[in-house]
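Quick heads-up: structures coming right below.
Two complexes are shown next, each including subunit A; its partner changes from subunit B in the first to subunit C in the second.
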Partner chain A sequence: MAYHFNFNFVWRYADKLYWGLVLSLEIALVSILIGMVIGLALALAYTGGGRLTKTAVSAYVEFIRNVPLLLLVYLVFYGIPSAGGFAYDAKTSFVATLAIYSGAYLVEVFRAGLDAIPKGLVDAGKAIGLTPWQRFLYVRAPMMFRIVLPSLSNVYVSLFKDTSLAYVIAVPELTYGANWIKTNTFRVIEVWLVVWPMYLVTCYALIYGLRILERRFSLVRR
Partner chain B sequence: MTQPLVQIRGLKKSFGTLRVLDGVDLDVAKGEAVCVIGPSGSGKTTLLRCINLLEPYDDGSIRVDGVEVGYDDNRKRRSERALAPIRADIGMVFQLFNLFPHLSALENVMLGLTKVRGISKAEAKDRATQWLTRVGLADKLQNLPSQLSGGQQQRVGIARAVAMEPKVLLLDEITSALDPELVGEVLQVVQGLARDGMTMIVVTHEMTFARDVGSRIVFMDEGRVIVEGASREVLANAASNERLKTFLARIEMKH
Partner chain C sequence: MIQFLINTLPFLWQGLLVTLAVSGLVVASSLVSGVLFGVGLVYGRWWIAWPIRVYSDILRGTPLIVLIFLIIYGLPLVGIDFGNYASAVIALAAFKTAHVAEIARGAIQSIHFGQTDAGKAIGLTFRQRLQYVIMPQAVRRFLPPWINAVADAVKGSALVSLAGIVDLTLATQQVIGRTYDPLPMYLLAAAMYFAINYSLSMASRRLESRFAYVRE
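Entry: the complex of A and B
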């Protein structure tokens, strides 16, 4: 084989990958937290709201879910500031985009979770005199989170992988770091051979961690 | 005569065009155990669910200890928040148990005590333990509902309701989801409560239970009270009412 693997260039710039991964995780974490708040709030609004609220929430969900994420990234970073005559940095813009994006998916996840809570449990909460807020806190929310945990891990993993799109607006996350090394060293295969397992291991760790949570909060004790 | 603890007058309730309750009157005195029987669709479960407003009623009145349950003084529907303290004084046990599956037996009983009654954790734990011991589950305190049999789950359900020290206890066909051999253990617990003078309204298909425990039987059909009276008398004179006779005959065939 004519090709000689040479990882030296990759190791020389390893800090780009390390800090890239840290930034990727940071972006994913912040946007998922905001996305969870959006998702939960809108799911509750949808479940308890009137027709107007339901329509508004559905419109948000459908608008976001049926548009490519890349387009949203461009829209938020280039489109909105140029129309509004202001600017924000690329990282902030990307976190906002990803939060809005994951929020739309999480609305659906939480809504399904809320719908799946047996009505009898809410009745039981009413019967012992819990207020609506207490019923949410002690009955509906704990049940909902148990129901949605498996779907949450899907959203988390795809969201983490989506952080790679920040590359297109020059946010120095993992994919951006990899590209930088690639462009400066022409060691394409070596770079991707290092970055690919970095994504894989991180995603797998996420899934594994959530599986432990699932087991910990299982309604059936083994 | 002293005021009855539960006083229901002219109660009406429809689901869409279907009238489920068509002017029900019922008085339950303190310490009384009233059994409500009747064919399915007769409105007995709806009647029970109206008493703690799991179903709002359209017309008529329900007073528990003098307080109109569903409406305030201006005949405005009470908000869910305003209903909470009223419901806390009306215990309910469900056909399908409805235990909180994420909480242990002990925590199921403690939840209302700490969050609604505002009792300290330590004291709530004592009380919950006492009640669970009384229903024969002293060794199951830490079990999740999924680790309990149907009969055990229903006994937790009873403990959860009575630990709140309600003024009246509503029991909604609490043995119909149980295997026949588990019915006895649950009825025994209810019998004990009746003996202690707990005011109860019991929707049931267990005729022997209605006869032995209930001081009074109310027979409902098509949303109305058809026959009402002391348990033994009602059952002894069943022949005098065609609908009651038919109903009892049908029940006998099942057993």
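Entry: the complex of A and C
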């Protein structure tokens, strides 16, 4: 009656899991980079913009934050191409979804970061005759990035976990690899018992590594 | 168009009810266990606090979908078979418990230790201090982030569709399987989720501004 564990099948296809993990990390990285561009642009538009811009940015943020990511994945991969009569491959679609998704969270992060910059510093920049662009580049941006760094690493780690949803549209990341092994070898529980620690260890390795980075760049040196 | 809505809305309605039922079960059970765990984290001896800390850290480092599959396939292995629906709810509740525990811990720890000392000084027992001094203050800090966690639970409940449970997400897909017109259906489902979650986040914001006066 007792179940006989047999991990041999999992090890035989370990390359699927390994490359899946690499792809998961890649997807999370590319998505957060695009998401940062979206987030920063919209945060600047929000802080400097008129009422119409503010409403538009809030609408985007609220829509994305209040709809399940799974539904957004379906919406972008199946919904949008069906209306436009064009198609893109699953990986592109998922990265786009995750970028739009993280963008909505990063707008808030960057907005808080911009707000946290002491007003005196920006005024000092004005006083020595920096143009608005120079004030952004030399005063606000360097300050803001250091302030938001902890939030950025949190978003990155949670995006890495969210890449597990890519398997629903057959992007060959870690969870897809796990499902592939599952359906081909029927070693269901073994697969998940291997994949689970892989996610866990990677998550904490990321958190630990990013903490070191944060400490290196933090405003207050300890 | 009207005919289309009359044909599809009953399906979506059934799905929506399942989504609400799953979310409700998850939110209610994780509220109880999460607050207990949070109190255990703050006041427990090491043999209580430490296992809770490990539990919380492990669950928060696991993708939700992996946890759902682990519990659906793992529980039968130890001789417990509740079926997909209950297993998925257990997975979501276990995951949410970790988050609620952290929110409760943060809320309790945000209360100044002088309050506890004052309670001790007038001779209140631990239970009385918790009941009359700490909790009434901590609940104000607890509510706004907890409502965000509730909205998160509603969003997370969409994942049960991957375990074959016909919630709003899977009902939408089943309708699309008949009509072959995905965009309007997905947008309709998104609007339904949005309506639930946006009202929750509005409630959270209102509570936050209402409780904003308790700042040291």
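What to note about this one:
The working rule: the second predicted complex is superposed on the first by the 220 of 222 C-alpha atoms of A that agree within 3 Å, B and C clash if a C-alpha of one lies under 4 Å from a C-alpha of the other, contacts with A are read in each partner's own complex, and residues count from 1 in each chain.
Keep this in mind: contacts are C-beta pairs under 8 Å (C-beta built on N, C-alpha and C of every residue); 3 or more make two chains touch, one makes a residue touch a chain.
Note that the structure is predicted; figures quoted are calculated from it, not measured.
By the document's definition of touching, of the two partners only subunit B reaches A:142; subunit C does not.
Looking at the shared chain after the overlay, A:175 reaches subunit C, while subunit B stays out of its contact range. In the superposition on chain A, A:56 contacts neither subunit B nor subunit C. By the document's definition of touching, neither partner reaches A:41: not subunit B, not subunit C. The wider contact with subunit A, measured as residues touched, comes from C rather than the other of subunit B and subunit C.
Contacts of A:120 after superposition: subunit B is touched, whereas subunit C is not reached.
Legend: residue contacts after superposition of the two complexes on their common chain; A:199 is shown touching subunit C, with no touch to subunit B. Against subunit B, the residues of subunit A that register as touching in their complex are 118, 120-121, 123-132, 134, 138-139, 142-143, 146, 217, 219-221.
The residues of subunit C lying in touch with subunit A in their complex are 58, 61-66, 69-70, 73-74, 77, 151, 154-159, 161-162, 169, 172-173, 176, 181-183, 186-187, 189-190, 193-194, 197-198, 201. On the side of subunit A, the complex with subunit C involves touching residues 3, 62-63, 65-72, 74-75, 78-80, 82-83, 161-162, 164-165, 167-168, 175, 178, 188-189, 192-193, 195-196, 199-200, 203-204. Looking at the complex, you find that subunit B touches subunit A at residues 52, 54, 80-81, 83-92, 94, 96, 98-102, 111-112, 115-116, 143-144, 146-147, 160-161, 164.
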